[in-house]
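Okay, here's the structure, questions in a sec.
The letters A, B, C, D and E name the chains in turn, as written, and every chain counts its residues from 1.
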Amino acid sequence: MARAVTNRRKTITTAAAWFIAFLIFFPILWTVLTSFKTEATAIADPPVFVAFEWTTENYGTVMERSNYFRHFMNSVVISIGSTVLGLIIAIPAAWSMAFVPAKRTKDVLMWMLSTKMLPPVGVLVPIYLIFRDTGLLDTRTGLVIVLTLINLPIIIWMLYTYFKEIPNDILEAARMDGASLRSEILYVLTPMALPGIASTLLLNIILAWNEAFWTLNLTAAKAAPLTAFIASYSSPEGLFYAKLSAASTMAIAPILIMGWFSQKQLVRGLTFGAVK
Amino acid sequence: MATKASRSAARLMISPAVLLLLGWMIIPLSLTLYFSFLRYNLLMPGMEEWAGLANYRFFLSDPAFFSALWNTLLLVGGILLITIVGGVLLALLIDQPMWGQGIVRVLVIAPFFVMPTVSALVWKNMFMNPVSGLFAHAAKAVGLQPFDFLAHAPLMSIILIVSWQWLPFATLILLTALQSLDSEQLEAAEMDGANFPNRFVFMILPHLARAITVVILIQTIFLLSIFAEILVTTNGGPGTASTNLTFLVYAESLLRFDVGTGSAGGVVAIILANIVAIFLMRMIGKNLDT
Amino acid sequence: ETLTIATVNNGDMIRMQGLTDDFTSKNPDIEVEWVTLEENVLRQRVTTDIATKGGQYDVMTIGTYEVPIWAKQGWLVSLNDLPAEYDIDDLLPAIRGGLTVDGELYAAPFYGESSMVMYRTDLMEAAGLEMPEAPTWDFIKEAAAAMTDKDNEIFGICLRGKAGWGENMAFLTAMSNSFGAKWFDMEWKPQFDSEAWANTLNFYLDLMNNYGPPGSSNNGFNENLALFQQGKCGMWIDATVAASFVTGADSTVADKVGFALAPDNGLGKRGNWLWAWSLAIPAGSQKIDAAKKFVAWATSKEYLELVASNEGWANVPPGTRTSLYENPEYAEVPFAKMTLDSINSADPTNPAVDEVPYVGVQFVAIPEFQGVATAVGQQFSAALAGQMSAEDALAAAQQLTEREMMKAGYIK
Amino acid sequence: MGRITLDKVSKSFGEVNVIPPLDLTIEEGEFVVFVGPSGCGKSTLLRLIAGLEDVSSGQIRIDGNDATSVSPAKRGLAMVFQSYALYPHMSVRKNIAFPLRMAGLDQAEQDRRVKAAADVLNLTDYLERRPGQLSGGQRQRVAIGRAIVREPAAFLFDEPLSNLDAALRVGMRLEISELHNRLTTTMIYVTHDQVEAMTMADKIVVLQAGVIEQVGSPLELYRTPRNVFVAGFIGSPKMNLIDGAEAAKHGATTIGVRPEHIGVSPTEGTWKGTVGVSEHLGSDTFFHVHDTGLAEAMTVRAGGEVNLHHGDTVWLTPEADKIHRFDKDGLRIA
Amino acid sequence: MGRITLDKVSKSFGEVNVIPPLDLTIEEGEFVVFVGPSGCGKSTLLRLIAGLEDVSSGQIRIDGNDATSVSPAKRGLAMVFQSYALYPHMSVRKNIAFPLRMAGLDQAEQDRRVKAAADVLNLTDYLERRPGQLSGGQRQRVAIGRAIVREPAAFLFDEPLSNLDAALRVGMRLEISELHNRLTTTMIYVTHDQVEAMTMADKIVVLQAGVIEQVGSPLELYRTPRNVFVAGFIGSPKMNLIDGAEAAKHGATTIGVRPEHIGVSPTEGTWKGTVGVSEHLGSDTFFHVHDTGLAEAMTVRAGGEVNLHHGDTVWLTPEADKIHRFDKDGLRIA
C-alpha cells in the first residue's frame, strides 16, 4: 500500500543499489574474469577488465592437475548427505520442541546451539583418533557424520522456528482425523513446513559445502571435497593468479549457481524466528 | 495441548538429536580434557606422562594468549559491527522500490556462497597484494603509495574479508525482518509527525532488534572459530597481530604438535566460548521470548 | 592396489603427477591417488597422520627435517632394499647423508636444493657492477642499492619475509650461520640475545626496508618467485630449484638471469641451506611393496630422463644424483653447476661457525623446532612489517624459545 | 450413537485448576452449545471430550464405553476448529478425504463419500482448489466437510464462526442448523456469542470459571435464568440489573429487566432518566438512559420510529411480569 | 476546524481506476461513516484524505486550505488504523506521547496531555504496559488515545472495531460515540458493518465501486433508500426484495419490504409460505419463510413469544406504507 514513488526517486535508489551491489559482487566477478586471462594479463598494470584475449587454458591446466569431478562429487554427496541426514534427525526433534514444549525446551535448544561454539581445533586430535579407530578416515560416511553433527543445532533451530509458526490446530485436526504420529508428521507437518525445510536444506548445504576444517583434516584423497581441491592452490609456484581464479571459480560455481536459483527460497526462509 | 501419550512421544523423538549431540560434545571433550593434563607431543609418542596443570600454566602464560584473546574480541566485534550496520543500511536500500531488485539481490547475496578459503585467497592475492593487487593498482593510478594491508593492518584486513562474506547473511535476515514491519505502523508514525530519521530510530530499529540479536547469535557462533581466513592470509601474523584463540590453539596442537598444550588451549577456548554463549543466550532468550 | 600419495604443490611434483601414466603403464596393477597440498597444510596433515598411525597415505613427501626425527620414532620404512638398478650410491652424498639414519636410508630424494643468489644480469650491468661468483653480504647490499628503482617498481632485493620455519626462518637461520650466529649453545641455551643475531636481523631489516618490495612480510618462496618472474626483483636469494622457473616459460626475464653462490661474511660459512623434498613410506602402510615401486620410479635415473625427454633438461628435478651432473647435456643448463656447488658447500652436521649440539643448516633437527621457529618467525616478520623493533623481536624470540626449551626439558 | 457422559471430569494445568469436577450428559442427537465468557474453560472442556487433553480426574463415556484414555483418533468424534485448521497444501478434495485416507478406505469409497459431502455443502465446484483460494465461508464448509465424511458419533465445534464477518456469520449459522436438522448427529458447539447460542442450541450449557451455571433450552435460559450471571449473560442487549432500594421494593437483592421489556415515554412512567447515546438501527432504537438512580445506564429498546434525543428526559416503565428477582447469593427467587 | 472538502478527487492504481472523480463535503464536527462492500474504495478514500496516498486528480481542502500536496503529518488529522498500529516496543504512555514527542513538546506538557487522554479513555492503570499485554479493547483505546492527544482537526478511523469480538464491539461503539459527543471534532469512520454505520453516524456515505450511491442520515437511508443497492445494504436483517408479478402489482420492477414490516399469522394474510429455520433470540424471533413464490426465502421478524415450527404454514402481510418501490434501473420511485 506504499504510496506511489516518483520515478526520480526510484532512479536514484536504483542507481545506488546497483552500484553497491556491483561493488559487493565485484571480487567474484573479477575472479571469474581473471580465470579467462593468461597469467601475464592477469597481473597487467593497469588491469584490463574485458578487453583481453579470452582463454580457457587455465581451466584445462586445473582439470589436468586434479580430479575436479571427484572432488565435486564428494562435495555434493557430503553436503547433501549430511543435510538430509540432519533433517531426518532434526524433524522429530523440532516437532517435539515446537508442539510439546516443556519447561526445559528453550534451555535444550540453547544448549544445542552452544555445542556449535566448541572450537573444532580443540577437539581435532581426539576426533582423528576416534575416526582412525573406526575406519572413518577419508570416507564420505565419516564426513557426513561429522558435518551432520556440526550442523544439527542450526537445522533444529531453523526447523523449530518454522514449526512454531504452524498452528497447533492443524496437527490436532490431523490427530482427530485419525492420523498416527507418523502420518501427522509425514502428511501434514512436513508438507506444510516445506518452504522452511527447503531453506534449511539450502542453507545447510551451503554451510556444509564451505566447511573447510573437518573436510580438510579428515580426508586424504578418496573423500576429499572441493575445499581440499582449492587447498592445493593456496600457494602454488610462479604466476598463478589466472590458475587460482580458475580453480576458485570451479570451486564456488556449483554452490553459487544453486544459491542463485534457489535464492527466493533461501531468503524467504532465512529468518530463524527473527521476524515476528 | 499435550496428552501423556504425546509427551512421551516427544521425549522419544527428541532423544536421537540430544544423544548424538551429547556424544559429540562429551566424548571428544573428555578426551581433550584428559589430554590437557598430559605431557603429550605427537612427535614423541610413548612419552606421555601426567603433567598436572603444567599445560594450562604454559598456555595461559604465553604472551600470545592475551593478544589472541583481544584479537578474537576485536575480530568478532568488528565483523558484527560492520555486518550489522552495513546490513541494516543495505536492507533499507534494497527494500526500496527499484528496477531490477531481483538482480540486485542476487548480486548482494553472492559472497555468502563463497568458500572462506577461496575468498581469503582471492582477497589476499588479487586485491590486497601491495604489488600486483587491484587495490595497489588503484592506489598507484591516483598517485598514492600502495597500502600493504596484510602487513600493516592485518586484523582489519581479515575483518574486512570476513565481513564481506557475512554481510549478505545479515542483510538477508534484516531484510526479511524489515519487510515484516507492519506498514500501518510506519504510516501511523508518519501521521504522528515522525520524519524518516525519527521513524528509523523509533520504529525500524526497535523492530529489527530481534533480527539483530539473531544475526549476532548466529554470526558469533561462526566467527568465534574463524580459522581458514587467517591461515590463508596472514598465518596469524605479523607477530601475533592477527592470531585469534582458535588459531593459537591450532598453532599449539598442529604446528608444534603439542597436543597437551593444544588441548589445554582448547579447554580454555571452550570455557571462554561458553561464557560468550551464556551471555548471548541470556540476551537472545530475552529477546526471543517476547 | 591404490597408492595414496601426499605431495607438496611444487612445480616439480605437479609435473610428476602429469607423468603418472608412465608409472601405471609399467605397473598396471597399481593405481595412484594424489593429494596435493600447500606445504604447511601438507606437513600438518602428514604429521598428524603418521603420529596417530592414521594410515591414510602410502607415500609421503617430507623434507630433510622430518626424516631423521621420524626415522628415530620408527615411523618410516627403510629403503635400503631398493633394487640394484636404483643405484643408491649415485645419490649426492650431502643429500643422502641427510636422509640416512644409522646407516639406513629412510627417504628417497625427489629433488635436492640449496640456496643461491639469482640476479638480473641486465640490471647489474646497468648499475655498472659485476656479480662475483661468491659475493659477500656487503656487496649484495651495494648491488641492491644500485639496482633499486622504486618508481619503476624495481626492487633491489627480494627475500623471504613470511613467517614460518620453512619460510623466513629457513632463510634467516641460514643467513645467521654466515654471520656467526647460532640457535643454541652447547647447553641448549637459546642465543637470540647474541650480537651475531642482532647483526643478522638488523642487516636483513635494513636491506629489506630500503631495497625490498612492499608487503615483503607476507612474501614466501612463491610470492617472491612471482615478483622475480614479473621482473620486479634485482636479486633474489632463495632455493636453487627456483632457477628453472625464473629461466622458464612463465618468466618475463628468463634470458636475463645470472646465478651466484649465497653470500658470506668472511667467517667461513655461507648463507645457504640444504634441503631435499623426499619420498618416504610410513611404517603403517599396507602397501609397502607397491609404494616402494613408486618411490623407486619417481626418484630414478629413468624418471630424470623421462622428464628431460618431455620437458627438456632444464626442468629435470635437480640436486639428487651425481650422474645427472656428470651428464654433458645437463651441464648445458645454466644453473647446473651453481646448484651443485651450493649443495656441496652446505654442511648439515656442522652448520654454524661455532660448535653446536644440533644438526641441520636452516633448521635444528629436534621435534620442537617447527613450533619454536614458526613463533620466532612471526616475531621477525612483525619486525619486518614495522610493528616492532629488531631488539624487541629478538628479545621476544629469546624469551619464547627459552620457554619452549624449558617446557621440553632441554634446559632446566 | 453419540451419547456423551462426563463423570466428575476435572482438569488442571499444573497448579491452575481450570475445571473443577463436573458432570454433564449430552444426549444422542442433541445440539448442545457451551457458552461463557472468555477463559471460562469452554475450549478446554471440548478438548477433553475430543481427547486432545488428558483429564486430570474423572471419566468420559461415549455411548456408554469408557473413552477416558482412548486416543483422539479412536473416539469417533470429529472436530471443527476456530481457525478451520485446513491443510493448506492439499486441495479441498484431499482435505475432505484425509480422514478417510487415514482410515485406510479404498479410493472409490473415498471419492464417493467426498462427493456426497461436497454435494451437501455446495462445494462441488471447488474441489480442486486449495484452501488459500477460498473465501472464509467456503473454508468453513470444507472444515465441516472434513468432519462429516467420517460419519462421526458427534461433531465438536470450537467457535467455528468467529473468524467470519457479520453477514457471513448469519448465513453459516443457518447452514449449520440445517445440517443438524438433516444429519441429526450429536453436536457440541462452543461459542461466546450468545446470539449464536440462542439461535442454534437445543440445550445451552452456561459456564463460568469452569463451573456449569445453568443447563437448559435457550428460551428457558432467557425466561428463567437461574442466577444473576446467566441473566446478564443471555439476551442482547444485556438485561438491566438493579440493586438497592428499588430491588428491595420487590423483595430481592437484585432485580433485572430486559431492555425489550421496558416501555419508554416522554411524559410518564415508573423511572425517570435522561437520554444518553441513542442507537438507531432503523428497525429498532436503543436508548441508553442515565441518571435514573438505579444503575449507571439503563438500556431500553424502542421501535424504529421513536424520536428522542440526547439530553431529553424520559420515563421508563418495566413490564411487571417480566421482572426477574435474585437473592443475595445471586440465585433466582421463583 | 475540521471542514473537509473533496473536489473531483479521483484515484487510480496504475491502470485500475479505483475512485472516479468524486465530490464530497464533510462539515465541521460531523460524524461521517463510509460504508460499502469490501473493495469498494473506502480505505482508499480515507487514505487520500489522510495524505497516505496521492490523489490522481482533484483537490482536497481542509478548512478551506488546499491540502492536496501537504504531507500527512502536516494536515493536522489523526488516524486510527484497523490493526491499531501501536508501537509494540513502547509502553502505552510512550505510544500516546509519541506524536507529542515528535511535535517537540516539552516533557511536562506531554505528561499532562497523556494523563488527560488516559483519564478520558480509562487507561490510567495501564500506562506502563506494553501493547502486547493489553486486551483488544484496551489496545483500541490506546490507538484512540494516540489520536486524541494531537488535538487534530479531524479523526479518521479505518474499521477500528473489526478485530474485536461482538460484545466488545458494542461497548467500543458506544465509547466512540460518546467521545464524539464530548469532543465534537469531525470524525470520518470507515466500516463495512452497517449496524455500526447506523448507530454512530450523523451522515452515512454509501460507496460502491468508488462511486457514492447515497449520502444522508441513517434514518434517511433506512426510510428512503435511493436505490436497490442502498436498500439492500442498509438494515439488518436485509430487506426482502421481490421482483416479477408481485412487484408489477405495485407498479415497480422491484419492491422491498423489511423483515420488521411484515406481519405473520398462522391463519390469514397476503402471502402464504412454509416456515424454514427459525431463530429465537428471546426478545425476537426471525423466521425464514420458504415457498412463497416471491423470493427464495423471506425473512420475517416477530416477537419473542411467537411460536411457529419448522414446516408450519404461515401467512405474511406487509405493512402497506412500508413497501419500497424501485424502477428498472433500481432507482426509487417516490
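Following the convention adopted for this analysis, contacts are C-beta pairs under 8 Å (C-beta built on N, C-alpha and C of every residue); 3 or more make two chains touch, one makes a residue touch a chain.
These are the chains along with the protein names UniProt gives them: A = Trehalose transport system permease protein SugB; B = Trehalose transport system permease protein SugA; D, E = sn-glycerol-3-phosphate import ATP-binding protein UgpC.
Not measured: the values here are computed from a predicted model.
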item: Chains touching both subunit A and subunit C, listed by label; value: B
item: Pair of chains joined by the greatest number of C-beta pairs in contact; value: A-B
item: Inter-centroid spacing, subunit B versus subunit A (mean Cα positions, whole Å); value: 16
item: CA centroid of subunit C to CA centroid of subunit E, Å; value: 90
item: CA centroid of subunit A to CA centroid of subunit E, Å; value: 53
item: Cα-centroid distance, subunit B relative to subunit E, in whole angstrom; value: 55
item: Junction residues of subunit C, two or more chains touched; value: 48, 52, 226, 230
item: Subunit A, residues touching no fewer than two other chains; value: 1, 43, 124-125, 129, 172, 231, 233-234
item: Residue list for subunit B, restricted to those that touch at least two other chains; value: 1-2, 42, 132, 254
item: Sites on subunit B touched by subunit A in the complex; value: 1-2, 6-7, 9-11, 13-14, 16-18, 20-21, 24-25, 27-29, 31-32, 35, 42, 90, 93-94, 96-101, 103-119, 121-123, 125-127, 132, 134, 137, 140-141, 164, 167-169, 172-173, 175-177, 180, 183, 210-211, 213-215, 217-218, 220-221, 224-225, 227-228, 232, 245-246, 249-250, 253-254, 259, 262-263, 265-267, 269-270, 273-274, 276-278, 281, 284-285, 288-289
item: Parts of subunit B lying in touch with subunit D, wherever the complex brings them together; value: 1-5
item: Residue ranges of subunit C in contact with subunit B within the complex; value: 40, 44, 47-48, 51-52, 69, 73, 153, 162-164, 213-218, 226-227, 230, 232, 367-368, 370-372, 374-375, 378-379, 381-388, 396, 399-400, 403-404, 407-408
item: Contacting residues of subunit C [partner subunit A, same complex]; value: 4, 6, 9-11, 14, 17-18, 33-39, 41, 45, 48-49, 52-57, 220-223, 225-226, 229-230, 245, 248, 250-252
item: Parts of subunit E lying in touch with subunit B, wherever the complex brings them together; value: 50, 52, 71-73, 77-79, 81-83, 85-90, 98-99, 102-103, 132, 146, 150
